[in-house]
Every structure is written in C-alpha cells, then in structure tokens.
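After this come two complexes, each holding chain A, first together with chain B and then together with chain C.
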Partner chain A sequence: MLINEMIIDENGVAFIPSLGISFQINETAKEIIELLKEGKTKEEIVKILSEKYERDWREVYIDVEDFFIKLKVYGLIQ
Partner chain B sequence: MKIAISGLNNTDNPAPGIPVAKSLKGHNLIGLSYDPNEPGIYQGFFEKIYLMPFPSVGWEDTKERILEIKRKSNIEAIIPNLDAELPMYIKNQNLLKDIGIKTFLPSLENFEMREKRKLSEFSKKLGVKHPKTIEVISLDDLIKAVKEIGFPVMVKGNYYKAYIAYNLDEAVEYFYKISNEWGFPLLIQEVISGVEINYVGFADGELLGGVGIKKLTTTELGKVWSAISIDNKELLNLAKKFVEITGWRGAFELEAIVNGNEIYLIEINPRFPAWVYFATALGINLPEMMVDLMEGKKVEKKLNYPFEKMYIRYVEETVTDFSQFTTLLTKKEL
Partner chain C sequence: MKYVKPTINRVDFNLASKYGSPLKTQRIKNDIDGVNVKELTETFGSPLFVFSQRQIEEKYNEFKEAFSSRYPEVEFWWSYKTNYLDAICKVFHNLGSKAEVVSEFEYQKARHLGIEGKDIIFNGPYKPKEALKVAVEEGAKIHIDHWYEINDLEEIAEELGREIPVTIRCNMDTGVYPAWSRFGFNIDNGEAYDAVKRIFEGKKLILTGLHSHIGTFMLSTEAYKNETIKLIKLKNKIEEDFGFNIEYIDVGGGFASKNRLKGIYQPPEVIVPTPDEYAEAITNAIYEYNKGKLPKLYLETGRALIDEAGYLLTTVFASKRLPDGKKSYIVDAGVNLLYTAFWYNFEIFLDKRYEGLNEPSQINGPLCMNIDIINENIMLPPLDRGTVMTIWPVGAYNVTQWMQFIRYRPAVVLIDKDSNPHLIREKEDLSDIIRREKLPDYLK
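For the complex of A and B:
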C-alpha cells in the first residue's frame, strides 16, 4: 500500500516518494494515516478517535469511511 | 579533453546540449549548432561554436564538417544530443574513433530495438506493459487505428511530438501536423491514465548512474518545467533490466506511467534528456561519467540520491552583439 511510504512534512503535506505525488492534509487525516500505518483497522481507528474526541462512534464512522473512500480513489490503499 | 556538444536550443522546448554543457564545466567545450538562433550559443559555455549541416543532408557533409572542426579546434570527443542526428552518429561511431574522435553511444541494434514503433515487442522482453500502439502511414490507417483503440488516443511522431486526440477531427489534425513536419510513420497509442515518471540513466553494459523523477509542471509540448526526485524501486529495476538485456552503452531516458500496481513503459530515449542537469545537481553527474569513461578512467557507480528535491526551470536573458549572430550565420563559426 502506497500509504505505508507516505511522508508528512511540517506543512501538513503528505508525499509519496515512489511517485512524487503529494496531498495537503489536515490534522485529523494525519492522525488516521498514522493509525493506518501502525496497522490499525478502520473499526479500531473509529474507536480510538471517538474515544479521544468524545464523539458518537457512528458520527466518526461516517467521516472515517468517507476518508477511506478518498484514500482508495487516490490509490493509496487497496 | 576537448568535447563537442550538440543540441544548443535552450528555449521552452529545450535540447539536452546546454544541461550537458553545464554538467561539464571545467572542460573545453565546443558547441555544434544547427541554427544561429539557438540561445545556448550565447550563454558563454563554449570556446567556439560551429554551424553544422542538417542531418537530413547526409553523413558525408557532416563528416567533412567534423573533419574541418577537428582540424581547427582539435576536438577529441562528440556528445550528440538530438534524436534526428543520433542514427548517423551511431552508424559512424567507429569511423569517428578512427579519426580520433571519441563517442559513447549504443550499438545500432540496441538503438533500433527501442524505437517507438518496436517498443511493444521490446517491452515483452523487459516484462513490462506497454500501451497498445499501431503504426500508421495513411489516413485510412489512422481511421482503422482509432476505431480499434478508441478515444482518446495519443498521436505520435516516430521521433518528435505527441498530442492527445479526443475525437477523429483532432486525430486528423495532429496526423497532418506531425507528418508534415517529421514525415511517416506515425504511431497511434492507447492513453494510459496514471502517474508519469521518468528515469535518466547512464550505462556501460551495467547501470552506472541514474535518477528518477516525476514531472510536476510541463510546457504545452509536455517538456518538464518543474519536477521532483523520486525513489521508485520498480523504475530502478526496469532501468537495470533494460541495461542488462541490451548491454546498453551510453545515456538513456525511460518514460513510464504507473497505474495502480502496473508500470507501463511509454518510451526509451537513447540520449540524455534535457532535464539531465537535475541529476547533476543531485550529485549524479552522468555527462561527467561519460567523459571519464571516454578518457579511460574508472567511474564509481552512483544510484543513490536524495528524493523529494525539486527542480525548477526559469527564464534568463542575455545581450550580445548582433555581429556574433551574423558572423555565425555567414562564416558558419563563432
């Protein structure tokens, strides 16, 4: 998965070294990407974020699912 | 060593000559030009400039001119950088050697193997995908080819120019545009979507140096204007395999498109690309490697370079006496 090689710089720009493509991401996206790189599943990420930010897991799930679709569209995850 | 370099056009459709010359600062350089309007003539890299007969005139005229330049400036090596002149230099590399002029070029067999119209076959040997490509020499062929491939298609010249056509009108327009300038055959190629990446390499039977990039912005002709260095193992392996299979000697550029897990080979250029100075600036001076090997020196293999470095072209101006231009135009040397 391309996401495993992603490097995020101090400007919040994520770079894929093998393809030279980059994406501007926000803090939440950065957090999800870091959790993904640690090998966490979508469900685990939803649980971690909903507990951390004290939000209903259903609400968090919708946002995480939306972000996963974006990652797939960009070919960053399978 | 006194080295002659061609390809001095340094406009927004740049030839590789000036980046090669920039990489060889410190050597005595002679510029070989086809047109006094080429900006590289006036950039101060060359101790002398000679106008050359066009390659289309034939080898005999070029040979006479080279002998004259050898006599006047005692050149010891030539680095030809233009697609149109390469076949001529490759065919006559032994003759040049006999008159004391070194080159570092691939064999004619290798040069022909990677030609655009033969790349489908060659890609199979490399174990890499290649977009479906059909050679055309007439309007009838063009219509059949676009029916088979479906729009959009790339309309490509065998040496220069490539345009994307979204309908038959555009395809016909580009068919005439390219063939009027560069002749036949043309190639009609399937469009592969994905990320386009490139590799410049230098080899002597084994890959000795190279750098991979992704173009960030391009000119209207698709020439790189800004780029970023990348670390792509598949591209590096493709370059190694290409050199291994052919026993390639000299410079080359691979153009590829990555689509998901697939890598498509689009083109192999048998020379330095015009962005070769990017590699030099990253510490991998491929023209210098070439000159070192010409001089019989050993070269150190250099395949590691920093990635995420950005390359940016910019416009610069210079002012010179008009008499320089007219001298070159009339006396054929400056």
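For the complex of A and C:
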C-alpha cells in the first residue's frame, strides 16, 4: 500500500515519493494514517479515535469510512 | 482535545484554479439583519426563505434616487411576477410603488391589497376579455400586446359607451440578443406605428402611453439607451401625426441584480451596471430626443429591487462520499424551491467557521431526483449534520415560480427594520395539497 511510504511534514503536507505527488492533510488524518501504518484495521481506528476524543463511535465511523473512500480514490489504500 | 473530521486533499494547482482559491477560505454568514440564522430555522423551520425589509428599502431608495435626481416625474411599478407575496408587495406599495401585473390573478392580488385600478398596469399577451373589462372599468392602465386586443378593447369601449385610454407595448432591436420580439408591436418594421394608426382610425381608444420591456438581467445600459431613443422617436412622430398626447413612456424592467450568471466568470460587482448608470442612459436619451412636453417615466423593475433582499436558509441533513472522491451534502432545500438555480451560481455561506480543509464538494437537495443539484462544484470544509447554509441572492422569481414537488413548500419570513422576524407565509401541509383534489366515489 502506497500509504506506507507517505512522508508527512510538520505543516501537514504529505508526500508520496514513488508518485511524486503531495497532499494536504489535517491532524486527524495524520493520526489515522499513522495508525494504518501500524497495521490497525478500520474498526480498531474508530475505537481508538472515539475513546481518545470521547465521541460517539457511530459518528466517528462515518468520518473514517468517508476518509477511507478518499484514500482509495487517491490509490493510497486498496 | 478537540475532534476534527479527517481531511486529505491532493495538492493540485489546476484544481485550485478551477474551484477558486484553495484551502482555507470559508464564506460565513451567521445572521441576517442581526437575526441569527440558526435561531431562525429553529423558530420557523428549515428550509426557510428570509427577506430583509431593510435591504428592500435601501435598494428601492437607491434606484429611486438615481432616477428622480435626473428626471422630474418617475414612477415605479412593482412587477408582481417577480415576487407577489402580500407582505413583499405591501413593502413596495408603502414605499410608493404602484403595481404591474400580467394576469387576472395578479390583478386580483393587487386589488386585494387595496391598490386602485388606476394604480395598476395590466400587461401581458393573455388578457381574457372578462378580466380586461373589469380592469378597464376600474381604470387600470391597459398595455396592449397584439392586434386582437385592440379589437377586444374597442368592443369593450362600445359596451361601456366611452373611450378607453390605452398604451401599446413595443418591441425593437436594441442591440442585445435574444431580442424579446414576441410581445407587443415592432417599432423597426413599422408595425407599432401602424397599430397607433389603427387605434386612431378606430376612434374608440385614446393612446396615452408607450411601453417596452426589452428583456431580463440586462447587463447593457446601451440597450436601454437604444430602447428609449426608439420609444421617444415614435412618441414624437405619433404626437405630430395623430395628435395623441403621450403622457408616459414605460421602459419596463430588466435591470440586473448582483447574482452570478452561470458561464460568466467576472464577479457581478464588475459587470452589473449601477442604478446611476442605468438612469443616466435612459434619462439622457429622453432629454436628447424628446420634442414637446417631457413624458412621465415609468419603470417596472422587478429582479434588481428584490433579488439581493432574499435568502434561503437550508440545513445539512447528511453527507456522503461519492465514488469519485467528491463530497456530497444533502440539504433540505431542493431546486424545486430555486427556479433561478438553473441559470445562477448562488453564493453559499456557512453559519460558522468549520475546522478542516476545504475539499471539492457538491450540494444536493432532498429530492430523489438526479437533477437536484444546488451547487455542483464548491470548496467546503467538512460540515456537520445541522449546519445551516445561507443561499443568496434568491429574492426574485423563486417564491413565485417555486414548485410544490415531493415535499411541502417552506415558510417565508420578513425581517423588519428593527430586526424582528415576521412569518409572512406559513409552511404548507397536506391540507394545502389535497384541498382541491376529488376522489370519485367509485374509488373510495
């Protein structure tokens, strides 16, 4: 998965060296990407975020699902 | 720690130029004339049309000042079709506007608001004889659209045993296309002159005015200049040839509002002429060409006076990620409420600042129809359920051409000059829709 090679700088600019393209990401996106690199599943990520931020997991689920579709559109995950 | 929805956007300079400046701009509007938009939707429901009396009056006074400072006798005739809600018409009437109607229904609405016949202009290609006769009897100003109407009016004159003062509507090439050549009599090919001659020879009608309406959302002041010159030249000629005394010329409506036409990329501030520019073009043409007594100048401005005073509040109900990566927001107002959505790109404001990066999005209404798109390409940050968006300007032609379709039509509110909101049209319910329906006994 290309996401594994993503390099993120302190301004939230993420770079994929093999494609030579960049993305602008925010803090939460960065957290999710780090968790993905650790091999966490979508369900695990939802649980971690909802506990950390004390949010209803069902709402966080929609956001993570949404984010995954975008990662797929960009070809960063399968 | 505060939770923010995750966002990722490809850094793409082509995209940036297509969608306007990229990442962080958000257009925010959390109140209308000091009344919070969220509170408005909580009190009156969502979606909700909101009109600002303050803005109506400011616009009206701006146009009035532009014309009255240049010309002695100017009258504004509120074009009912643009927005005929009672309260809105009443605001215009209280400001001194008279009424311009194009059907017996609009005529009745003006009368129901207490407007006298003499203060109503009756325009349009379809005036059933009964309606025409009532208008004549009540002293309305009749603007003739076609030859058959001359005949109808002569018959009415006969029936009433008196002459009827009339005006003819004219059309002409003003240099803008498409020309509205379907209404009235053409000046360029001599038809308008012939109509006056025919009226003169019939001896039952007296010509007192000349009218034209050259189109709507006219961005060219030159077109008004050309229109006025042609009307004034015709006036000079028929006064001389037939001895009619033309009391007024009516240059119609059509001034543009500060809306964004689809396909035109310059901002409205750049391309929409100011009231002064329109007024200058029209009044200069009269001064330059008029012979004899100056006629009164009538205006039937609709859109330009009301569009910017109208807002539609709508609430985000849900969102989804489309397979191409675009975000779609489902809001509770559909294109059935926004007739003008087919040619305008409205401004869309958010009720507050949202965290996260802007991303390519679209705004869809609640109708289960693929065409229900309020904005197809807009950069928006991740929005919550319940976000209130303000769609603007929507004051002209929407609350008349809106369609009851799939859902009930929403309420309309007018905010007075002291910032008090007033309900001026209730939202519909089932009774409004089934009131006129009949279920035959055999189907019961």
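Methods note: the second predicted complex is superposed on the first by the 78 of 78 C-alpha atoms of A that agree within 3 Å, B and C clash if a C-alpha of one lies under 4 Å from a C-alpha of the other, contacts with A are read in each partner's own complex, and residues count from 1 in each chain.
Keep this in mind: a residue touches a chain if its C-beta (ideal position, glycine included) is under 8 Å from a C-beta of that chain, and two chains touch if they have at least 3 such contacts.
The structure displayed is predicted, hence computed values, not measured ones.
Once chain A is used to superpose the two complexes, chain B occupies space next to chain C without a clash.
Shared-chain residue A:D63: touches chain C; no touch with chain B. In the superposition on chain A, contact is made by A:E27 with chain C only, not with chain B. Applying the stated contact rule after C-alpha superposition, one finds that A:V13 touches chain C and leaves chain B untouched. Between chain B and chain C, an angle of 90 degrees opens at the CA centre of chain A in the superposed model, to the nearest 10.
Of the two partner chains placed by superposition, only chain C is touched by A:L71; chain B is not.
With both structures placed on the common chain, the touch criterion links A:K52 to chain C but leaves chain B unconnected. Of the two partner chains, neither chain B nor chain C is touched by A:M1. In the superposition on chain A, the chain among chain B and chain C reaching more residues of chain A is C.
Closest contact between chain B and chain C, by C-alpha atoms in the overlaid model: 8 Å. Shared interface residues of chain A, touching chain B in one complex and chain C in the other, are 21. Taken together, the chain A residues at the contact with chain B in this complex read 7, 15, 17-21, 75.
The part of chain B that touches chain A in the complex is made up of residues 195, 197, 213-214, 216, 227-235, 258, 260, 307-308. Partner chain A is touched in their complex by these residues of chain C: 1-11, 23, 319-321, 323-325, 327, 355-357, 382.
Across the interface of their complex, chain C is touched by residues 13-14, 21-29, 31-32, 49, 52-53, 55, 60, 63-67, 69-71, 73-74 of chain A.
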